[in-house]
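What follows is a set of structures to go through.
Paired with subunit B in one complex and with subunit C in the other, subunit A is shared by the two complexes that follow.
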Partner chain A sequence: MLDLIPPVLVNGCAIALVALGFHLVIRSTGGIVDFAIGQYAIIAGLAAALISSELHLPTIFVVALGCLASIVVALLDEVAVIRPAILLNRDPLAMAPVLATVSLLMVWEQVARLVFGDFPLRGPSFLPGVRYSIGEIPIPAHSVVIVVTTVLVFLAVQLWLDRTKAGRMLRAIGDNRLAAQLLGFSVNRSRALAFMLAGATVGIAGGLISPLAGFGALGGGYYTLNGFVALFLGGVASPAGAFLGGIVLEAIKIAVGRYLGSGYQDYLVLALSLLVFAFRPQGILGKRKTRSA
Partner chain B sequence: MKSGRSRIRRKERCVVWGLFSVLLALLGLCLMVVPANTQQKQPIVIGALFDGSGGAAFYSGQSVMGVDVAIEEVNKSGGIMGRPVTFIKQDDGNNPNVAPIRTRALIEGGAVGIIMTSGSASTLQARVVLEEMKVPGLNANLNPKIVQPPNNTYIFSIGNDTSQIVQALTEAVKPYKRLAIFTDNGPTGMGLANSYKDAFEKAGVKVLMMEAVDVGATDATAQVSRMKAQKVDAVFVSGQAAGEQALFLRAAEMQGFNVPMFQDITAGNPRYHKLAGAAALKNLRFISQVDPSNPASAMVQKLVQAKYGPKAVEPTLYLQTWDEVHLLKYAIESAGSTDGTAIRDALQKVKNFKSVWGQSGYTLNCSKDSHLCSSLKGVVLRGFENGVPGPVVQRF
Partner chain C sequence: METGLVRREHRILPYFTGAGWLWGGLFLAGAVAYGMSSGVRSEVVILFYVYALLGLGIYLPLVLTDQVSLAYSAYFGIGAYSYAVCSAAGRFDPVLGILIGVVLSGVLAAIVGLATMRLSGYFLAVATMLVGLIFARFLIQATPLTGGPTGLGFPKTLFSMSVSRGHLLIGGAAIVWLMAIALTNLRWSSTGKALLLLSRSWAAAESIGLETRRARIVALCLGACVASLAGSILALSSGFVIPESYGMMISFLIIFIPLIGGAKTPWGSLVGAAIVCYVLQVAHQFGPSQLLFGLTTLAVVLLLPGGLLGTLQIAMGRLATTFGASKNTETRDGSLLQVPVKRFDPGPPKTTGPSTGNTILRINGISKRFGGLQALSQVSFEVKEGEIVGIVGPNGAGKSTLVDIITGVQEADSGQVALTGTQLTQGPAFRAHLGISRTFQHPLLAQGLTVLDNIRLGYLRDSAPRSWSGLFIWFLRNMVFRDKGKPGRGTSTKGIFTERDSPAIENEFNLLSHSLNLLVTDVSYGTEKLTESVRALVSSPPLLMMDEPFAGLDSVSIESIWRILRSWRSRGLGAVIVDHNVDVLRDMCDRMIVLDYGQVIAEGRPHEVLQNPEVRKAYFGDE
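Up next is the complex of A and B:
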């Protein structure tokens, strides 16, 4: 049982970072889910792997450059597709911007194929070959780096949202975009910033997890699906919900795989998602909205 | 006087008309002869159905390299029946619904034989067009259904199909009593794993459990942990997703799960070795269609690598398509014609055709009753040494 804790934490952290990207985009757009987000992780991971094999730079620079690729892609999505889609579809319930993100997922998958090829690539690890152990449980140093980095990223984002003007502006836009616009907030600039931050958090996930998993160009859907479920499981309203959702989702998946068999993993995760959507749509940490009289 | 002059003029006219007639006759003869010569020099077209954008793109790309280099070599050695060979290709994106349209386009482009390098589902769908247009298609897919009846009169498979791979793997895993299968849970991966499981069990090998991970998964600890708890003594690593197979091998290495692991031909890819890492490969044995002691394989590998450099990483695939082109050449020359049915009939008579892959001296044999031209001599079991394929550990 204890041997499952390290993989739960490592994979949970990666999915939590993707969920955090979803959270930032939802905040900045007033509810649009960016289904292309999973592919940002893939692009960051593949870019890190390619740069590492070509330039042999230190791992931290490689992960940073992969992250930069992911930020550029996220910003491009916002400026070239999401922003015009929002402008053309002012109805907040319009599906066009969301459907545009589904198309973006496919577009970036094909771009990744063309740039990085069809075969999966694996990025470089931090401290390769260094392993710690607790009892008989092996813990690679890279796994420790993933967990520590994730915690730091979540703390930084939470502080940014709470303590900075830009962060508070983003929260205001998320609560009521029209009111924020009337107050003179630059909605477009805030949204672009949120997309760049989302690109960074998801890019960090991609850069850190690619040495463990190995990324194929068409793998974005996995991260999109798991990040999305994790966010709604933990609660859309706060970064803490994204973090908790990622850890809980991976804990359930890995425990089910270990004790019931891998054949049940997806069914139980999907059943759990349905239960959450039906009975606790605000997620584990979310507060139920009460209807005013 | 007048009559004498007119007689001379008549004679002149006769000579002029005579010369004119001879000229016309010569011109007619030329017109008859020139097309025949032109036709003789007209190129013979070989087509390739490939996947340039879908899930089989990597494998298909490697296969096309073999076709390309083989056709270059055929042209250097005088072409087929003295005629140059032209290569055309069509991309079906590994989409079985698109494959028939692209195959028809190849045939309309003049292809007299088609090398099928896309996925097996594409080949199955394209079969209808090949049958209708009476053009032979050659492939090296693993799927045995491609050459099974009914309606398989124009497709030939030169690679070892799953039944032969399974036969070899069954021999390899027979000594183990608690075998587990690992796979990805994509539709192709699960289908492949189930067909292996059925075949193992039919041959009397007990499969204790089958564990899968999602395509794109980042961890396989639960699967390894479960196998360890069940005291599995050997694992067959199945599936189609290299990333997930490598993920499993790394998780097993991390958890000290040191049992013999077996994999099919997909483990021969050098990129896979890099992806898994040397430490994770130490317990792996795999079915290879490249025997390091076969000099013909080495010769073709040199040619392909000279043209494509580091892009040519999967010898099995390009060696097999090399053979497919040379089989077509042999069949066209044996038939003395580019008629599809004649080529098909000649292919059905192929006996002891020296292959450039498999064990040394391995030959291909086709017949009217079996369009699966390979045999168990096409494979060997190899281990790994320092992260690269090592010597042969078992011959079949």
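Up next is the complex of A and C:
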């Protein structure tokens, strides 16, 4: 039972970071779901794996470079696709931005396949071979790095959102783009910043988890879905919801995998998300909102 | 009234775009001929049919109700595998498999729709994507049933008859053709027009009596059924099913079929399907087809929002204008100008003093809180038959919240709303049906429709079906008959006048008569407001709620709305008008209620209320 805690924390942190990226994108766009977001993790992880096999750099640089790749991809998405799609946003394509992200997921999956090949790759891990243990349970140093990094990223993002002008602006823009524009905020720059941050947090998740999971080029949809479900399980309104949702989702999945068999995990995620959407759409931490015209 | 703006319409275009059944039929006939020429070609043509049907299937939720569903791979696969399993088992006729597939995918679509129906379309997109992924895994895991990753072979029979290539080519073309005609019917029927209003605003669609959540789910269900049929056809043509064909990728592909071709008409799906077939065929030679496809879809979303047909239509329009082939709508529709313009009859003179009719609306102790703000506290009042009640108050006094609570758009924390003695607990569409009609602060009209079409939507208030079965039948009937025998079919105004036999409406139609056949996007703000008011009144509701009807209007438009109200009041209409324009309300209302900080601070005859010192302090800032 206790030996489940390390995998729950490690996988939960990765999903939580993806959910955090989702949160930033949703906040800055007033509710657009970026289906390509899971692919940022894949690209960062694959880039890290490729770089570490070509160059002998310290792991931290490799992860940072992988992260840089996903930041560039996210920024490209925003500038070249999301921004024009939001501006176009006209009949009969009211959903143009979301559909565009679906296209982006397809495009980036195929680009990743061309660049990194068809075979799964593993990135380098931190302090390979170093293990700690608590009681009977062995804990690789890499897992500790994952959890600590995740906590630091969440604290940094929360501080940025609360304390800096740019962070607070994000909220205003998400609530009402037009009003924010009229007040003289640079909506586009702010949205680009949010996408870069999302690329960074999701990229960190990808870089950190790829030595454990091993990424194929076509895995983006998995992280998109789990990140989204985690965010709405925890509560969409705050980074804390993303963190809680990631941990809770992975805890449930891993417990089900252990006691019922791994074949049931996916069915459970579906059932759980349908139940959350139907009965508690505001998530564990959220407050109830009324529907507007 | 509106006379200056006349929509320029092109003479050639209606023949080109209005005869989709002819063009589509010719296109399909060409496809059949092409497919007959060789075995390889027939496979391509059948694949085209399958994509076209999938595109038509997703047209229902995606274009008509703005819902992104990514579970079409599952519905498609259910259709294919139910036929396959039934045919392989050989115990029943495989036709049963096709039916089972249609029912199963409809039920699955309804379950996902029900779970996400309180949320925005994005939740549906994610939930359906999960369904698609899990279905793909199920196909691999459930080996005893589906044959697992290696697939399943079976005899290609139907009604104990072996199905040949020719059967499929001709039968498939017929199914695609009929389905596209059915969807075109639906799109331009009252159902499709009501759904157009829904894509503009949820609350507006409810106000004309459409049960929006149910209608959305019915669209999801019917779309899934069509996709399942497409799956059965694919299985029938190949005699083999394999999980790979029903992965996530196909869902992404299906979403874009109607958009690539042009979403404005269902025929666009045929064009889209042909392009998708071509892109996938070509790409196999040059590199990864999915990358090419992804880039194509991005280009369509960003550069050709109207799809290929939409772009073609714009280009043809330009050509037509260049060659001077355009003319005015008004001169073409001569009948419109021949409607005799009657002199306006203001109805019986205004009754003095409060009305003595029966109570229509009774509000009792309504309270509503938003976080720390008490928007309404213990608001109570009554509205009688033939009485117009004005509600005034400063910004933030809770006026609009009150309208939303009475119409059911928002729920009150406590208190009751009763209409002619019946407690109301239902949603806005049901309340509209019971007799509460409404207008909005900013007029919410269905874009892309004419003023007349928008007014006709008002008749749905008490005639639109609300039950699940009723909605299903409404959708299906309009696919086949398109509002046969319903008022207001076609472009003449006749149906509307005869059906309800209310000559008084004619006056209002005369007011609007110059604009009736203009698109609502081409008329002035005043005409939009007038249109919305008439839409709310055509079905003669007992109660009308108006949220700031006079805001932003000039005195002429204010007067025309006011005259309409008076003519209906003389027939017993009770109305609640929320507005800032105290001067107008003072002259028009039988009774006035003043709200401040969510509380009723004064109530009575307008002139007396406005003399009340507390009102003067709250509203005019007098000390």
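Quick note on the criterion: the second predicted complex is superposed on the first by the 285 of 293 C-alpha atoms of A that agree within 3 Å, B and C clash if a C-alpha of one lies under 4 Å from a C-alpha of the other, contacts with A are read in each partner's own complex, and residues count from 1 in each chain.
One rule holds in what follows: contacts are C-beta pairs under 8 Å (C-beta built on N, C-alpha and C of every residue); 3 or more make two chains touch, one makes a residue touch a chain.
What you see is a predicted model, and the numbers here were worked out from it, not measured in a lab.
> Is A:Phe215 in contact with subunit B, with subunit C, with both, or with neither (first, second, both, neither)?
So A:Phe215 only meets subunit B here.
> Could you tell me if A:Arg113 is touching subunit B, subunit C, both of them or neither one (first, second, both, neither)?
In the superposed model, A:Arg113 contacts both subunit B and subunit C.
> If we overlay the two complexes on their shared chain A, which of subunit B and subunit C does A:Ala85 touch? Say first, second, both or neither.
So A:Ala85 only meets subunit C here.
> Going by the contact rule set out at the top, does A:Asn176 touch subunit B (first), subunit C (second), both, or neither?
Neither partner.
> Just checking: does A:Leu121 make contact with subunit B only, subunit C only, both, or neither of them? Give me first, second, both or neither.
Only subunit B; A:Leu121 stays clear of subunit C.
> Is A:Thr164 touching the first partner subunit B, the second partner subunit C, both, or neither of them?
Touch partners of A:Thr164: none, neither subunit B nor subunit C.
> Which partner does A:Asp266 contact after superposing on A: first (subunit B), second (subunit C), both, neither?
both
> Across the two complexes, what residues of subunit A are contacted by subunit B and by subunit C?
Touching subunit B in the first complex and subunit C in the second, residues 110, 113, 221-222, 263, 266 of subunit A appear in both lists.
> Which of the residues in subunit B come into contact with subunit A in the complex?
Result: residues 53, 55, 57-58, 61, 185, 209, 211-219, 221-223, 225-226, 241-243, 246-247, 250, 254-256, 269, 271-272, 274-275, 277 of subunit B touch subunit A.
> Using the touch definition from the top, list the residues of subunit C that touch subunit A in their complex.
62-63, 66, 68, 70, 111-112, 114-116, 118-123, 125-127, 129-131, 133-134, 137, 141, 199, 201-204, 248-249, 252, 255-256, 259, 263-264, 288, 290-291, 293-295, 297-298, 301-302, 305-306, 404, 409-411, 440, 444, 447-448
> State the interface residues of subunit A toward subunit C in the complex, per the touch definition above.
Touching subunit C from subunit A are residues 31-33, 35, 81, 84-85, 88, 90-96, 98-100, 102-107, 109-111, 113-114, 221-222, 224-225, 228-229, 232, 263, 266-267, 269-270, 273-275, 277-278, 281, 290-291, 293.
> Considering the complex alone, what residue numbers of subunit A touch subunit B?
On the subunit A side, the touching residues are 3-4, 6-7, 10-11, 14, 110, 113, 117-122, 138, 140, 209, 212-216, 218-219, 221-223, 250, 253-259, 261-263, 265-266.
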